[in-house]
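Consider the two complexes below, in which chain A is the common component and chain B and chain C are the respective partners.
Up next is the complex of A and B:
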């Protein structure tokens, strides 16, 4: 039986350069559903990305900037993107060659449906 | 950071776990309740109580798991209103240990589970060989139990072969 997020994750994983995408609980950092390429440590990424997103959200609120819509982390060999709603976070791991703009737009659209 | 240890080999992995997982309290203990290291507690009586309870909870879950699933339950987690508790066994060459961690919203279950795996790896690598660890339940068990608590709270030297003149063992 597929989860309510399977279709959203399928949409993301089909993008060029995407290594994995996950729906994670923001508070507990536990994977709700994931679509990952072999070799991607989903549990570690889920726990750390959820913590990062939560802290970014709290930082933005403390700074009086409102909610966080999209979090982008640029690393040496790729990206981690996160967008959240209702205590769920959609996380995407991608190589540097991945089309950032298109994935960002897709994630923001998909995050609206996270509940 | 209020980290105290009774066995030197526990220090490095426990310190790293506390730093990385951002837990409020942590205990590493034998399944018999004897403490090896702790973080966050300020009173020996609290460590003693937490160790006894963690050992009892672990033993109960172990047997309950065998009853209902044919094997011991491994990790246990309970979420309170403000704080959450995680209890899990860690296998080492010196025998099985129990780890108890208490954390709040600054950490998460995912982070604690992630760094617990690293703690297990660190404990496995640092633990002494089984022959030098001695039996889990010794004739002088109560003395050992109290000795570790005394070491943790600075009332006894860590190595009994080299007594600290400031803290002579009775």
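Up next is the complex of A and C:
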């Protein structure tokens, strides 16, 4: 039986350079559903990305900046993107060559359906 | 008593000659338990009188207790034991700066910067001291310190320069930038609210934690060095990037500003901050 998120994750994993995409619980960092390339440690990505997103959300709220819609971490060898809604976070991890703008737009659109 | 302090205390009790007193003393110092920290450091020094790090620990405890002369003497011992000790040069620079002895402070901070060019706190302190030397124009009292009134005026001027670091670059738009040190404290820039209050310190303290979380993630996932973190909220886009080893520049812009423009401004702010810190190095 496929999860309600399978189609969304399929859309993302097909993008160039994407290594994995997951739907994760923001509070506990546990995977709800994932589509990962071989060798990607999904549990680590889920836990760390959820924690980062949660920290950003809490910090932004404390700083009076409102709720976080989208987060991007750019590092030397890749990206992590996260978009959240209703205590779920859509996470994508990708190589540096991935098309950032297209993935952001896709994730924001897909995050609307997270419930 | 925290678990960490209890563990270190137990370890020291089991082996009183162990160097674990250095970690225990530092943990106590960081918790503000200065009397206990001092006892631990002094007992450690009874067994390790020639350990430079033990004298450095005692010096830092003395600074926290506002005993600047004693701290200076301890760092002097450190330098006799380990002439290249960065912490001692940095600490002596700080004490001399507090005493208004800018030229001597500059010498020690220069020595520290030449041994650790990536430490943004040293670069910032050196930048400030050099600017103050310029503004006090070499004026000195009999004890070699700059006169208090001139010192205060110079410090105010340097602090104002730091507050306005990004002003020209950012112009009048709906965006603001601050430079934060490794502890999340504001080094330069301002963050003004609509009612005219500078809340840079509060914003910096809240948002710098995101950097720590990001570093944890990329370390575990082996993604190399972090280059930026950007998050979009209902009212703003916040972007941050590393500067030197521990500092970061944080740019906040209105949500209507295009993301690409935010990234360009972030890059320019980071370069400006690096240049500003580099003036001191």
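One rule holds for everything that comes next: the second predicted complex is superposed on the first by the 115 of 115 C-alpha atoms of A that agree within 3 Å, B and C clash if a C-alpha of one lies under 4 Å from a C-alpha of the other, contacts with A are read in each partner's own complex, and residues count from 1 in each chain.
One rule holds in what follows: a contact is a pair of C-beta atoms (placed from the backbone, for glycine too) under 8 Å apart; a residue touches a chain by one contact, two chains touch by 3 or more.
Computed from a predicted model, the values in this text were never measured in an experiment.
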| item | value |
| --- | --- |
| Which superposed partner A:69 touches (first chain B, second chain C, both, neither) | second |
| Contacts of A:28 with chain B and chain C, given as first, second, both or neither | first |
| Touched partner set for A:17, first chain B, second chain C, both or neither | neither |
| Partner chain(s) touched by A:44 [first = chain B, second = chain C, both, neither] | both |
| Greater residue coverage of chain A in the superposed arrangement, chain B or chain C | C |
| Contact residues of chain A, present in both the chain B and the chain C interface | 44, 48, 51 |
| Chain C residues touching chain A - in the complex, by the definition given at the top | 202-203, 206-207, 209-210, 213-214, 216-218, 220-236, 238, 252, 259 |
| Residue ranges of chain A in contact with chain C within the complex | 41, 44-45, 48-49, 51-52, 55-56, 59-60, 62-63, 65-78, 80, 93, 104 |
| Residues of chain B touching chain A in the complex | 105, 107-111, 113-114 |
| Residues of chain A touching chain B in the complex | 24-25, 27-30, 43-44, 46-48, 50-51, 54 |
